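One chain, chain A, links the two complexes that follow: it is found with chain B in the first and with chain C in the second.
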Partner chain A sequence: MSAAILSVRDLTVKAHLDDETRILLDAVSLDLAKGEILGLVGESGSGKSLFCRSLVRLLPSSRLKIEAGSVLLEGQDLTAISDAEMLNIRGGEIGMIFQNPSSHLDPVMRIGDQIAEGIRYHQGLDGKSARRAATEILSQVGFPDPICQYQSYPHEFSGGMRQRAMIAVALSCNPKILIADEPTTALDVTIQAQILQLLMELRDRRGLSIILITHDLGIVAQTCDRIAIMRGGKLLEEGPKRQILSRPRDPYTIKLIHSHPSMPDAEPVAEVAVAAAPVKPILEIDDLHVRFRVGGSLFRGSAVKTVSAVSGISLQIMPGETVGIVGESGSGKSTLARAVLGLTPLTSGHISFEGADLALQRQASLKKLRREAAMVFQDPFNALNPRMTIGQTIGEVLLVQGKIAKADIPQRIDELLDLVGLDREFASRKPRSMSGGQCQRAGIARALAVDPKLIIADECVAALDVTIQAQIIDLFRELAARMNLTLLFIAHDLAIVRNLCARTIVMYRGEVVEDGPSEQVFSRPSHSYTASLVAAIPDINPDKSLFSDARRVPQSIPSIKSMP
Partner chain B sequence: MHRYRFVFLRPLQFLPVIFGISIITFILVRLIPGDPARVLLGTRATPTAIANIRAQFGLDEPIWLQYLYFLRNLANGEMGKSILYKIDVLKLIATRIEPTLALVVCSVLLSIAIAVPMASIAARNAGRGPDHAVRIISTFGIGFPPFWLGLMLIILFSVKLDLLPVSGYGATFGDKLSHLILPSLTIALSLSTVLTRSLRAAMIEGLKSDVATAARARGMPERIVFWRHVLPNSLVPTINLLAVNTGWLIGGTVVVESVFALPGMGQLLVRAIFSRDYMVVQGVAMVFACATVLVNFLADIATVAADPRVKL
Partner chain C sequence: MSARAVSLSHAGWRTFLGKRTMLVAGASILLFFILMAVFAPLIAPYDPILQDGSARLQAPSLPHPFGTDNFGRDILSRIIWGARIDLQIAFIGVVFPFVIGTIVGTVAGFFGGIVDAVFMRIVDIILAFPFLVLMLSIITILGPGLSSFYIAMALVGWVSYARLIRAQILVLKNNDYAVAAVSLGFGRMRIMFRHLLPNAIAGSIVFSMSDAVLVLLSGAAVSYLGLGVQPPVAEWGVMVAEGQSFITTAWWITLFPGLSIVCLAFGFSILGDALGELLGVHE
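Let's turn to the complex of A and B:
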């Protein structure tokens, strides 16, 4: 290994709270070589982001203090320099990109100006040369028309282009080290593959060293040279990628590897034996169209345009099926879910839930839907009323539904909490004192309180850590089997759907492009779009390269986001 | 530049608004008890003289016909004749509009000039001494009613220090400006407190935002983070607050104009109400209402200019 460009020794960060002192980083030591990509893996709260921010002294609160340790950047100890000197290190030596480009880019400043700002400040160029340099960087990170796009504002770009813009902003200061904090978590798989490829190209072209923070071992396996695993503020183990992935020593690493959904030997989902007797579908969708009006106002009726979110979908869902709906963001999968529950007006077509037609007898079928179908939402925390305890939240549903006697409600709440694997004492807790996984379990308990036949889960694990994701998926699997639930599971993460659902539906631009048993859809995709989605999943096996030509994302299928 | 298309379309919406305003002001003015002819001629006027005046100004017509005359005049760009001054209402307003307009503009500019630094100091020292000081000053600003504040400013700057004129309005530009300082300050001191509080909250939010973190992470000093990223983002929500308050301010100049004896529209309005000068009251109310509509329109344009995400 070449000499370390960055060498961290025993970095310790403590939080000084009112009545206690907590250790957030516990003597973490790490080296980063020149031109190396280091994957820093751990769940939220493991201290991986804090570690990177401590390097450049960007601590999120004034109560946090670096207590001990050293950070040597090419021999210079960053913990000892002044705040003024640190300004040159930040950006100039160590650049950062973040998970959510939408909130980290300045919404009221032109993209180009945000890049030029760093160039002018760090390299002391005048306005005109900075502008030229910024345009050059824009083209380096893959903007097709940099001169024109220099003038654009962040909201005019898709998520993937925003992330490219943020990389451009970081590169503008010409750093030696790039810290990428979950740079692709908010992106679709195909876009994720493009961004990861861009990072690797930049490493090769500029000799950048990259610290890639992620929770996805698949990404690490595909892009990194070395892996460091963190948990609870401690570095558990660290080493070359292949060694860690094939011979993990720490039990937590082993658990992480096993909970990765793209495990090549993940057991195929057993075909649920649909009852032999002819059953009627629980949900029938017939030539459904949902269009939204965009633009238009009182004085330009003629200019009103409509966007088709769902165009001509026909589906039959049988009782007891677990169906996964996948597709990029914007493919219409959430609109479909909302339409099924009567939350979005239908433009044309029919949805019938156990024979009740939502288009023809709206009131009657809504009433039926509310009593027999339930939804689990993406953001578990915000979907629960912060002022109510979990017991009150679930009790409210039970009371409104009136399916059980009022006196039996407390007992039923306990049963539901048992069912979703939450301790009974959670009935008296409020969401803010619970973790994301616990909140999602409570959300599922609330959905189950309806005693539904159909549950629609919209990206319900997207906001959770991998290990928690695996737990929630297991819970769904168990509940579906035990209670003969029909599950409509919407996700952009294909691996999870493959793991949980017997049947997979692939949506693209508001249409169903593929529908079939999951094993078949994923192993022998018949539509080229499905093939490109499957190819973009980062595999945990480093030998199945995401970027080899055989698996390269076909360019012929444009992403929805790049549509005019 | 289709984002600015509303600039041409929005004025069409003003027509029904102004029509509504004209009905309301017309009716409300006539609900004030008293008869203009009687007020004008005094208590010893003969019934014939009163009837003459009433006929001369069309006050003996049925009320709906009076309204139609009013509308017809409006369409011709006239607002009738003042009963008291015996001249055209529009001409009368034209002679009085300048001090009021100047007062409003100066007050708004001054309150921005006070609010931005105050909010910046408070936000950058949130929870510490300077923040508390700004809050205390703001509370005083809200607590003192403008008429009292105006009097105190006169006593201090005009009477004791003899720096500025006591009241009235000047003839030359510099003279006018010196007459406007105290009244504008009176208004700005209370207006800026509202703005300061809104700006401070937005700035504190902005300093904690991801945008600021990202700017710091690329080595921008705190000064640039604040002035180039936090401030522009925090102005957006404040623009509308300023517009609402300016609308209120236009009608609210009455008190300040009285305290400082500024010969503006506020004074004109007060005198017109006392003498039941219907035409003038209507005219001034129409001008105030249209000005308020216009200010909100300008605020919309400013919002679109300040935030590229906004589409109207």
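Let's turn to the complex of A and C:
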């Protein structure tokens, strides 16, 4: 291994709160070699982001202090230098990119100018040559028309292009080290694969060293040279990728590897419960169209355009089925869910829930739906009223639905909490004092309080850590089996759907392109779009390369974002 | 505009003093004035409207710590009694606009469309006139007096609350928990007043404290112009007005009631700021 460009020794960060001092980083030591990609893995709260921020002394609060340790960047101790010198290090030596590119790009500044700004400041070039350099960087990070796109604003780009722009901004100062904090978490799988590939190309071309922070071991397996596992502010394990993945020592690492959904030995999907028995479908969708109006105004009524979110979907869902709906963001899967629950008006077509037609008898069907279908939302914190305790939230549903006597409500709340694996004392807690996983369990308990036949879960694990994701998936599997629920599970994470659902529906541009048993959809996809989605899943086995030509994402499929 | 100035001016104070210190300080100032108002008959050394020809325009001294006015009335006693009127003005002048504005804002934000458009155009119309001009014209039509002032306040003051609440509701109603409430079959009233309003109201509560300052000052201004509290009743604004002709010879007549207004306003203001911290409005 070449000499370390960055060497961190016993870095300790403490938080000085009003009444206590908490250790957030506990003597973390790491080395980063030139041209190396280091994967920093851990759940939220493990200190992985804090670690990277303390390298450039960008601590999120003045109450946090670096107490001990050293950060040696090519022999210079970054913990000892002055703030003025630090300005040159940030950006100039160490560049950073973040999870959410939209909030880290200036919305009122042209993309190109944001890149040129760093070049002028750090490299001292004049306006014209900075502009040329910025254009060059734009083309390096994969903008097809850099000269023209130099003039564009962040909102004109898709998430993936914005992330490319973020990388371009970070590269503008020609850093030696790039810290990428969950750079692909907010992106679709196919875009994620492209961004990861870009990072690896940049490493090869520029000899960049990269610290890649992620919670997805699949990404690490595909891109990194070495892996470091963090938990609770401590570095648990560190070593070459293959060694960690094949012979993990720490029990937490083992758990992390086993909860990764792409594991090939994942138990076979629950056998198709609904046999050929001639049952009536619980949900029937027939040629459904949902269009939204965009643009147009009071004075230019004729300029109103419509965007089709769902165009011509026909589906039948049988009682007791577990159906996964996958697709990129913008493919219309959430709109479909909302339309089914009567939260979005239908443009044309029919949805009938147990024979009640939402298009023809809207009021009656809505009444039926509200009493027999429930939804679980993506963001567990946002889905619960922050001012109400979990007991109040669940109790209110029971009260309004009126399916059980008022006196029995407290007992039913306890039962529901047991069912979703929450302690009964959570009835008196508010969402603020709970973790994401606990909130999501409470959200599921609220859905179950309706005593529904159909549950629609919209990306309900996307915001959770991997090990928590696995727990929630297990909970859904158990509930569906025990209560004979029909589950419509919407996700962009194909591995999860493959794990949980017996049947998979693939949506693309508002249409269903594939529908069939999960095993078949994933192993023998019949539509090229499905094939590209499946190929873009980062596998935890480093030998199944995401970037080999055989699995290369076909470029012929246009992204949803580029549609007219 | 002045509400903004108030909140800016003590943004510096907030960092200067701690969060809890601010809350205690604001509440103490307010409590001090409330106690003063409640126990006015017990603590005021003189009758506030009793004229004493032998003790006219006396400078502050031991028997008259704040001096006397041109009718020989004790300024300290008048300030103590005036606290009753001024607190009442601040309270009633805030409560009615607050309630009206909250309801209008919630309904407009929640239903949107034509309901929203109608209410918001009414708001625009009211905002098109300068605040004080509108106040004065309404009071002139209704006839001078405190009750006219309250009515004018209720008619004009609700617009800020309505706009504040409406903006919050517009954001909150797209939150997942609001959508969840719809999908669970909750009624509109329940969603509006149990799920959305409690989460939207914190900002208005904080604003109401700054608003109390404005109401207090406009109450004083209206009284100063002779349209509010009528003499000889002791009210700080009236006292400032009465003292102005003697400002060069008897500065105390104007200074002490003026200082009282400032102190009470300051109390409301820092209490509002501390409440904002407490309710998480600034986050």
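Heads up, the rule we're going with is that the second predicted complex is superposed on the first by the 560 of 564 C-alpha atoms of A that agree within 3 Å, B and C clash if a C-alpha of one lies under 4 Å from a C-alpha of the other, contacts with A are read in each partner's own complex, and residues count from 1 in each chain.
By definition in this document, contacts are C-beta pairs under 8 Å (C-beta built on N, C-alpha and C of every residue); 3 or more make two chains touch, one makes a residue touch a chain.
Computed from a predicted model, the values in this text were never measured in an experiment.
Undergrad: Regarding the shared-chain residue A:F377, is it in contact with chain B (first), chain C (second), both, or neither?
TA: second
Undergrad: Is A:S103 in contact with chain B, with chain C, with both, or with neither (first, second, both, neither)?
TA: So A:S103 only meets chain B here.
Undergrad: Quick check for you: in the superposed arrangement, does A:E478 touch first (chain B), second (chain C), both or neither?
TA: In the superposed model, A:E478 contacts neither chain B nor chain C.
Undergrad: Please work out whether A:L343 is in contact with chain B alone, chain C alone, both, or neither, and reply first, second, both or neither.
TA: second
Undergrad: Considering only touches as defined above, state whether A:V400 meets chain B (first), chain C (second), both or neither.
TA: second
Undergrad: Which chain makes contact with more of the residues of chain A, chain B or else chain C?
TA: Chain A has more residues touched by B than by the other partner.
Undergrad: Looking at A:N385 after the superposition, I want to know if it touches chain B, chain C, both of them or none. Which is it: first, second, both, neither?
TA: Only chain C is touched by A:N385; chain B is not.
Undergrad: In the superposed arrangement, does A:D423 touch chain B (first), chain C (second), both or neither?
TA: It touches nothing on chain B or chain C.
Undergrad: Would you sort A:E136 into first (chain B), second (chain C), both or neither based on which partner it touches?
TA: neither
Undergrad: Which residues, counting only chain C, touch chain A once they are in their complex?
TA: Contacts found on chain C: 175-177, 179-187, 190, 194-195, 198-199.
Undergrad: Quick one: which bits of chain B touch chain A in the complex? Just the residue numbers, please.
TA: Spelled out, the residues of chain B in touch with chain A are 9, 12-13, 209-211, 213-221, 224, 228-229, 232-233, 236, 306-309.
Undergrad: Per the contact definition, I'd like the list of chain A residues that touch chain B in the complex.
TA: Residues 56, 58, 87-92, 95-96, 98, 100, 103-109, 117-118, 121-122, 153, 155, 166, 169-170, 172-173, 297-300 of chain A touch chain B in their complex.
Undergrad: Mind pulling up the chain A residues that touch chain C in the complex?
TA: 341-343, 367, 370-371, 373-375, 377-379, 382-387, 396-397, 400-401, 443, 446, 450
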